[in-house]
Structure formats: C-alpha cells, structure tokens
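Multiple structures are listed underneath, in structure tokens.
Shared between the two complexes below is chain A, which has chain B as its partner in the first and chain C in the second.
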Partner chain A sequence: MANQSRRNFLKTSALIGAGLTGVSSKPAKAAPNNILDENRMGVLVDTTVCIGCRKCEWACKTAHNLSAQSIESYNDRSVFKNMRRPDDKTLTVVNEYAAKGDDQFPVDVKVQCMHCDKPACVSACIVGAFSKEKNGSVIWNGDRCIGCRYCMVACPFQVPAFEYGKAIQPEVRKCDFCFDRTKDGKLPACVEICPMEVLTYGRREELIDLAHQKISLYPDRYVNNVYGEHEVGGTSWLYLAGRDFHELQFPKLGTNPAPGVSEAIQHGIFAYFVPPIALYALFGGVMWLNKNRKQDEHKEANHE
Partner chain B sequence: MSEFIKPTPMPRKYFTPTVIFLSVIALVGIIFVFARLIFGIGTVTNLSNQYPWGIWIGIDVAAGVALAAGGFTTAALGHIMHKEEYHLITRPALLTAMLGYTFVAMSVAIDLGRYYYIWHPLIMWNGTSVLFEVGICVMIYLTVLYIEFLPIVTERFIGRVNLPGLLKKYNNSVDKFLRALDRGLDKTMFIFIIAGVVLSCLHQSSLGTLMVIAGPKMHPLWQTPILPLLFLLSAISVGLPMVIFESVLTSRSFDLKPETPILAGLGRMIAPILFIYLSFKIGDMVIRQTFVYLTEFNTASVMFVIELVLGIIVPLRLFMSPQIQRSPLGLSIASFLVIFGVFLNRLNNFIVAYTPPYQFTPYFPSVGEIFVTAGFIAIEVLLFRAFVMIFPIVSVPQIPAVHKTKFSIRGAK
Partner chain C sequence: MMNYKIFIWMLIVPFVINGQNKISGNHSTQNLTCSTCHSCDIPTKENPCIKVCPRESMIRIDQPVTDAPKIFVINKIRETDIYSPVKFSHLAHAEMSGLAGGCRTCHHYNPPGNVIGCSDCHESSRKRTDISKPDLKGAYHQQCMNCHRAWSGSTDCTVCHELKGKEKSQTSVVSNNKKRIHPEIKTPDKISFAAKTKQGKLVTFYHNEHINLFSLECSDCHSNESCIKCHSTNKTASTKTISEKIKHKKCSSCHNTESNCSSCHSNSEAGGFNHKSVTGFDLSKFHSKLDCARCHTSKSGFKGLNNECKTCHGTWTLENFKHKSTGLVLDETHSELDCENCHKELSYSKPVCEDCHDDKSYPNNLPGKRAK
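Showing the complex of A and B:
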C-alpha cells in the first residue's frame, strides 16, 4: 500500500512538473493505474444454471455494509415481476425472464458492473476518480469524486448509481468486484455464496476458453456467443446464455472501446497542445496585420 | 477629435414592473437552490440513475455557454479583425458573456453532488476526460472575461473614487492604483483578447465532444463524431444574433434609438455562417444516412425538424433579405429564431437525444429545476440592467451627431 501511494505521488509530482514546464502532452497517462494486466480476473456467469435464489444480492449487501434484510426474505420471488436495476443501495440484482416454451425454464440474469477492459467511466471522469485495477476491477475513489455524474452519462451498461438523497458526500455506487476482499485473497461475495456455481471466478483469458469449451460441448444449451468477450472492447464479466442476449435485455453494443471516438477527438484537438497554440498564433498574426493596415490607412488619410 | 458616440452609464430608475416580476422569479429560484443545498439533488430535481443530467446541464450550462458566444465572436470581429465600427457592441457582448459564464459556473456548482469539491479538477487531472477539458477552459475563460471587463471598471472610477467614511483617506491611492492598472491592462489586453477567443473555440467545440462518449445512448440524429465541429459552428452563428437581439432589447428598455446601420452590418455576416452550419448539419445527416429516422414520428424527429427548419433554415432566409436587414424588428425576429434554434439544439443534444438503455420513467424537469433555471436567467437579466446603469457599457450619442463614422472608445486607439 505504501508502495502504491509512493508511486502515485511520483506520478503526480511528475505531472505537475510537466504541467509547469508546459510540455505535458498527455496528462492522461497520469490517471490512476489503468493497466490492462494479462492476468486480470473475471467472472463467467452461466445464466442457464441460475435458479434466481438471489443469495448473491444478500451477500453483496452484507459485504458492502448496505442494510440487508434477513437472508430468508430473499426467497421472495415476487420481485421478479418488474425488471430491476442496480442502484445506490443494491449493487447487484437478479432479473427473471419468463420461459419461452413449455419445455423451457425461465432465465435468471444477475446484473452488476461489467468491469470493462476499456471503461468509459475511467475515461470520462473529470478528476480520475475511477480506475481499472490490475486485477480487473473498475473501482471508484471517493476522495476525488465531485459528483458530476458524467460517469453515469458515459457508462454503456447504465451501471453507476448516485445517492440522490444525500446533500453532503453523496457517493457514486457500483459493484467494485469486491476489491477489498479479493485483495486479501478472498472470493467476491457473490461468487462465494452462489449455491449453483453459476459464477466462475478466474483469469479472464481462461474464462473465455472455458466459455467456448462449454459452448462446443453443449451447443444445444448455449447460443454461440460469449457476451462481454468483445463488447465495448471486452469486459471482465462474461455471460453465457441459452437465448439471444438481446431478449435478456443486454444492450446491443459494438466492439469498439466505449470511450474510443471521444478520446480520439480529444487527443486530436489537443495533440501536444499544438492546435491551441497554432490557433493563438494565427489570431495574433491576424490581429497584428489588421492593426497595421488600419494605422497605414489612417496615415494615408492624414497625408491626403 | 470630438467623441460622438461613447459608452455611458445609464442613470435610470431601476425598478420597473418587469424588474419586479423578474425579482420574484429570482427569489423563488434562490429558495429552490437552498432546498437543493440542504436536502440534496434528489429532493429538488427529477434526476435519476437513468437520467443523470437534466436541464441544469442541458440548458443552464450547455445552452448558457452557447448563448454567451457573443463575447468571443464580437471580440474576434472588433479586435482581431479590427473592425472599429463594431467596437461599440463589444462591451454589451462582453458583459453578457461575463454574466453568462458566471451563471454557467454556478449552475455547474449546484448540479455537482459535492459542490464544495468544485476545485478538484484544478489539481486532479484526467486528460482523457472531455469534461475536464471543458471545465478547465471555462474556468480560465471566466477569469479572462473578468480581466477583459476590468478596463470598464477603471474607466468608471478613475478620477471618481469616493470611498465612504474612514476609508476616505485612501481615495488617492486607490485612484493611483486604478490608473496603474488601466495602463498595464491597456498594454497587455491583446494577450487576453486572443486567449479568450482561443479558449472559446476550444471549449465551445469540446462541449459537443461531451456527449460523444454516451455513444448508443444518444439518438443517431444527433450522435455524430463531428459534434464538436457542429457545436463550434452553431456557437459562432449564435454569437452575433445574440448581440443584435440584446441590443434591440436594451434600446427599447432604455428608450434609445437602435443602432440600425451597425446591426444591419452584423446581420449581413450571419447568413454565410448559418449557411456553413446548415451545410455541415445536412451533410452529416446525408453521410451517416440518419434521415431515415425522420420518417418516424416521435419526439426526437419532431424536435430535430423544428431545430433545423425554424432554427436554421427560416432565419437563414430572413437574414438574406435586404428588407429584414434594414429593420430592427426584422433583425430581432430573425436573431431570435437563431437563438431559439441553438438553444433547442443544446437541449436536444443533452436531453431529448439521451435515451438510456433501461428506461423506467421518462425525464421531465421538476418544478424546482425549472424555477432554478428561470431564476438564474432572471438574476442575469437583473444584473445586466444594474451593470449597464453603473458602468459605461451601452454607447449613446453624446451630442447631436453630425456624422456617425468615427467612434472613440478608450483603449481601442
């Protein structure tokens, strides 16, 4: 931890130095450790196994000190009547989609932050309060956040939630991949509690292999698609399903990283600060020329 | 050289029925601001996890920045292009921009969940964030605007410093300080003027980039990679109409004759800019083939058509007509349409086009949000009136003018 803060300190001071000398071309690099580690972890969610017991919801609340009701109350299946979304008090929810035919089962889908490999929230955050950590988690740093909610505008999965009810220190809340637990070698709370082994925690690369193995072993059980493998440049959480993902209300997204175009534009406009400085020089030149021209005209007018 | 037209404070009675009406709106707005500060954003607004941004960002900030574009367009015209005949419109435009950006900053502040951390971006940088760039540019530009306004303050008080009571003995030194300040500013002002124009070009365009990251959450009629260019072009095209509209309003409010020849000159410049903006907007629509969405009948398509036809095409036609250019009423109607068009464009981009993937209740601004927005606009108008009365902003004929070709303004020699 001490090492970590020292590195941050060095980065910050390097950045300030660069900023002062005016050569800082990409302060972007100073944003928190947004490294894509090849050993980053992920979770494979097999929605064909989930029974909708909602134990993961209970475990998540308990692990994050959010007021959870008794574990028995989570057996109540009436909540499935309406589609629910994660919010500031519930970081993960399970939704149920009715069975299609008589011979099929309803499908239960756990929803939480996807922990993108190239997260839009990390790119968008005005103060760099989000970071993609080495182990794959995308986490939020409450000390920096100013509550602008641009992360919520940016997120393609509509995940970050804001504490609208609080006037002081409202937080942006979302699944943090149990960063504090995994740090100590523990499993994420939802993975640990799941009685049906719906959730497999492991290296993302291996999970992708596993997912494709499952698909090729049981081609009748799964659609031939791992949601999250390529969506918005890849996500740490991956899904298998027996139905088209869009029927299960997964957003239809391309394979380009979510922040892609906006970062390209941004870096185009500010490429090494050349365009702004060139613009300044251009305006200065035009101003000087016009001023001289006017003065010459005045002189000529006076001569006449 | 005798001075014919010169910026002068306008000593009038401050309170009129309109002013009292605006004050009431302002007061209600302020009450809602306090409610927001005490009870939180959720109590006062209809914002939700689906719609994180409402009219405080869409109107107060996005449209506010665009409609304050008169400041940098007239600075570019009057100072950089050095068209001296337009110097007399730079001051009202500068005041509008200064007040406009001040309220943009205040709107951002009350919309921030943690408004007391508004200074964080100054030391916590994230270069990939478009919002960071907009924030920093707006902060610097606001400072530049205050600096650009300083000569008007020194002009008002040099030789007229009259401090009350015990402070009286400092009158002389304050006067000296003002004179020194004025001399210093006079020599360095060009730096700030150019900086102001550059900063404006940067953040006006980046305000467009802001919504690019929302990707598929934004309706394809508006979501385009050239959003920054469209935002810059629309900001430039709304700058002069804003100046014309304000000038006509101010003339009416203070019983002055409208500066028709100058306004006509401005009016002639608007059509070409609007035409360029229109071509890019239509070109973008053709290239991305988004016109297919116009065959649907829904809020998005209707709003887009209104924005395009009433906000760009109709005023473009109006500004091309010589009769319109000669009449203050025609000019102000055409200008109003451009203002309305750009206002609607910002509202569309930030709110109408925003369609979250999981939508439970559509967003419509709450009473509180509307009153805060209306209140801020009212306060701006009230402050504008007060500033125009106190400071030399509006140019009026000093003696019956014989020939109106020469204008003299301090610092513009």
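Showing the complex of A and C:
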C-alpha cells in the first residue's frame, strides 16, 4: 500500500514537473499493474534437452515483426562462437557452452526476460510503463515510456534493450512473453516452435512441481536446483540444468526481490532532498534536447 | 453411519499406502511416475486402472527388430506447417537399434506385450493439461536427436524434414529407404585386445561365450553406442584414446577389474572358458546342460559357489535321491544304506568299499548294475 502511494506521488510530481517546465512528457494515467495471480503462467526451460537449433529465435522475431532471415539460415552454428545477449532486434538468443566430457553434448541456453514475480523493471519505471500482468507476463507500454532507461539499470538480468539505432521514437524492447499471442489463447511463439519441447508452458506452480519431479527421477541428469524458483523473489521462467548454473552465466542472485535495489535509488533521491519536481524538470529538459538533436541528425542523414 | 464409514477408511488407507510403497522389482528400477501407466491416483490390485494399450496391433515388444513395420509417415503434428510430414524409415532404424536396446531403445517404458506407439502416451497438442511428459513433437525429437546429434553432430532440420513446397516425390523416398536397410550386424567369435601394460599385454575376449554361455544381451555391453560406434563423422573422436577406467567399466559389472588382472590379461592368447580349470568344479558329468543362472542365482553379479552338492541340492537322503540318475542302479542290499556309509566326501565322488568289504574296491566291483 505504502509502495503504491509513493509511486502515485512520484508520478504526479513527474507530471507537475513536466507541466511546470513546459516540456511535454507522455502522460502517465494509472498506477502500473503489479498483479501476482496464483494461476500465472511460466515456462520451464530444460537446458539438458536443448539442441541449439535456434528455431525459437526465428519464431520470436517472426512473431514480433522483427526482420528475420530465412529459417534455414538459423542452422548456422558459428554464431555460438560469441556469447550473445538479447537486444532490441533479437528478444531471445541461444548461447552454447562447450561440452565437458567426451560423451557429453554442449549445453545450449536460451536467454530472454525472466518475467520476474517482483520485477525490478516495474518498480524502477517512474511512469509505470512496465506492468506485471495476470498471466505472468511483464510487458512494456510505449505510450508511457519517457526513455529514461531506469529499467535497463534495474533489471538484474540486463534484459530491457533500447533501440539506440533508431532516431525517431526509440523504444525499450524485451521479450513480452508473447502477450499478444497468449491473450488469444495461443502459445508463446518460441514455445510453439521448439522441436524438442525444451520449453514447457504451464502454470508456474505446476512447473515448479514438474521441475522437482524431474530432478528426483533423474538425479544424475540435473543439478538439484531450479533457477528462478527463488531468485530475486521468483521468476516466471524457470531453468533446469545439468551443471552448475554459474558455469552457464546465470547471475548469482539472492532470494530478495531486486526492486529493493531500484527503490533505494528513489529513496536516495529523497534522502538528499532534491525536490523531485526540479529533478524531473531537468530530466525532461535533457531528453527533449536529445530527442531534437537526434531528429536533426536523422533529417541530415536523410538529406545526404 | 458417517462415523462408521470414516472408521473403515482409517483401517483401509494405511494398507493402501503401504501397498504403494512396495513397488515391485521392475517398477522401481525404471524412471517412472505412477501416472505414466495408471490413470487413477491409487491403483490397487482389484482396480489397477492401467491405461489402455492398442490391442489391435499385434507386434510384441520382444519380437525381433526385423519384424518391425517398414515406413511410417509422421503426420500427426499439424500445429506448425513449415515442414511437410517425415517419411520415417522405421525398419532401418529398428535394425540399427538391434545393437542397443532393440525396440525398447525408442519404445521406452513399453510394458510386456504389444508395442505401444508414441502417440498413445504423448499428446499431439502442445497446449495440454498434463505437462508431466513431453508432447508428441517433443517426444519424437528428443528420441531422434539423441542419436542424430551424436552421430552426425548436426542439428539441421533438413536431414529428416523437407520444407513445405520443396518435397521430393513419395516414391523416390520409399526406394531410397529400401536401399538404406541396415546390413545385419555380425557378431565376432573372439577379439584379441592389446593392452599397454608390460605384463599381461593380451586380453583374449571370447565374444561368443559371453553371448551363448553367459547369456548376455547385446545391450548389456553395447548400450548407447548404437550409431557413433561405427558411423562417427568425427573420426578423431572415435579413435581417440579412451581411459583405462572407461575400458574396464564394461567388464567390471561381472569381473573384478581392480585387483584380479590375470583372470583376463595374459602374455599369450588364452583359451576359452573351462569351468573345471577355472573353478575346480567339473560340469561335464551332470551339469553341462544347465544355464549358469540355475546355480549362480545371485543377481548382483557372478559369485563363486561352494562345490559341495548340498549347496544347491540340500541334504540327500534315500527318499529324495534316485541313485539311478548317476548311471548305476543299486542292488537290494546297497539301496538300504545311508548315502554317507559309502560316500565319505561331501562331493559324493568315489565310494569307499573297504569299510565293509576287505576284498572289494570301486570301480572293479560295483554295488549294483550300470543303467542303460
């Protein structure tokens, strides 16, 4: 409750600040959703099954109208030479970690937004552009975003990406758990295409039971840990692996929700008694200038 | 009335739960959950609620792999239409699996009896309520890719799939499949392995004895090496040196490979297995036709037995032993005597006549007649 009122206060001050300085900011109408429904969905990623075919990458792009190459071109395994991160053009990537023993396969790990139960991005966003939906998805609303990129700093998994390459209306992009598809009763695109059913879509609670059941049935196959069950207060995407998660570049995180971190930023603002109005006026001004400059650059580029 | 019912349930439930805990041998060694085979939560003897098997197909799980159906068109998955249905050369794959686990290589968890197809357990829709096992598409690929990936190192979809609109005609695929039937895998009689040790640098491995005499199944030693053992595209991987430990692993489930080197390693080629010279117990007279397991009953590997008769046969008395089976029918006088009167040794070998007869000895004199 206290959380909510502070957030409202912040937003209101942002509005007033923007209004006073005459900088037009996008209006923030309502408090951000932060629903934790007991039937929220999730995905259990069994990395011991993944073959690194990258069909999920292709499906994700296709479903989000991001330009994708031909499906056959995704057979190219040379991309595994470098570790990749999701970015504004690729909302999910698969990375490969070399096999350990002679008779073992390399380990392929799909990376995307974890859809945290206590999402840091939601808490960090001062205009409520992020929301945790009833079905577990953490989604982003472009109408509200002011481009401050707090979410990128706050996310413990470094997921939200900014369209730096785009001059006009750059957006924050991240995996949206295929909100538009699941809304219509469809499966997330990556879940649907995965040939191996590495990605099991289901109620988060049920997935946790399933994960523990798999571990107890095949103790040699899995490490006894379900990544995402407790990390940063729990995530909707959960992982099983045959090796220590740290070796697969999963960040070592506590069980406390990460929002604590971002809230500290806000608390800090108050601690130094910087009046929020002045702060946002400053932010707004900087951004406005930036935007204009970029638009100018864009125009120039077009003229050449 | 109500209380009475509750009371009865309190009596019954502990038994039911107790029954649950005692899952018999075969069940407990498989990675199964109850719901894989049973449709209810608490199966009982009276109502095991076993899920239905397809009774109309008459191929049994223990039939030879060569009886397997030739080609299946896998067209049960229609959710995505990027690829056209796979024409799966089932027989060729069945034959290839002969060296691994036979039909069970893919038809895992198949109960004794008829072969159950993949789609009888795995749902064809990915959107489903029971997510405890993979859907059909996942199940197929998880089975296929295990070998395909190891064998070719490739995860290219087009190895098996044809992109929609780029299919070859059905006939060419069928004739291709005919050519691809796997040749029969010949089993060698014996293999000589050279060891890198100074002493005992030769291991003569009698392959035929391990199959015929010791009744090992191919898969007891050759599991999980079905394709890459012969077909590895990564030649360096298949010829690279394997550690001593891994080499010994296959033998060590029966042989003591830690300390008893000389039972397999010698400096010259060793002869085949001879029960008398190895164990001191001559099988040739009465025991030559028996399966090893008739006497060596221990499930945890082969164990030596005491060579006294009573180890297996119990104590012999006049009632339970027909002397005729030794090839000698005792005459009237001798058939009244206790066994120990003549047979002093626990192995019941040569009888002693001198205790009663000063002038008689075996085998010059017989206590009866040779049976025909």
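Heads up, the rule we're going with is that the second predicted complex is superposed on the first by the 230 of 304 C-alpha atoms of A that agree within 3 Å, B and C clash if a C-alpha of one lies under 4 Å from a C-alpha of the other, contacts with A are read in each partner's own complex, and residues count from 1 in each chain.
Keep this in mind: a residue touches a chain if its C-beta (ideal position, glycine included) is under 8 Å from a C-beta of that chain, and two chains touch if they have at least 3 such contacts.
Note that the structure is a prediction, hence the values are computed from the model and not measured.
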Examine A:Glu206 and indicate which partner it touches, taking first as chain B and second as chain C; both and neither are also allowed. second
After the superposition on A, what does A:Val191 contact: first (chain B), second (chain C), both or neither? second
Using the superposition on chain A described above, determine whether A:Phe105 touches chain B (first), chain C (second), both, or neither. second
Counting only touches as set out at the top, which of chain B and chain C does A:Pro257 meet: first, second, both, neither? neither
Using the superposition on chain A described above, determine whether A:Tyr164 touches chain B (first), chain C (second), both, or neither. first
Which of the two, chain B or chain C, is in touch with more residues of chain A? B
If we overlay the two complexes on their shared chain A, which of chain B and chain C does A:Gly242 touch? Say first, second, both or neither. neither
In the complex, chain C touches chain A at residues 31, 33, 79-80, 82, 126-127, 131-132, 134-135, 137-139, 141-142, 145, 149-150, 155-158, 163, 237, 240, 242
Tell me, which parts of chain B touch chain A in their complex? 36-43, 45, 47-50, 52-53, 76, 79-82, 84, 108, 111-115, 117-118, 120-121, 124-133, 135, 190, 193-195, 197-198, 201-202, 205-206, 209-217, 225, 228, 354, 356-358, 360
Within the complex, chain B is touched by chain A residues 15, 19, 26-31, 83, 85, 87-88, 120, 122-129, 144-150, 152-154, 156-158, 160-170, 172, 249, 251-254, 258-259, 261-263, 265-266, 269-270, 276, 279-280, 283-284, 286-287, 290-291, 293-294
Quick check: in the complex, which residue numbers of chain A touch chain C? 49, 51-53, 55, 71-72, 75, 77, 102, 105, 187, 191-197, 200-202, 206-207, 210, 213, 217-218
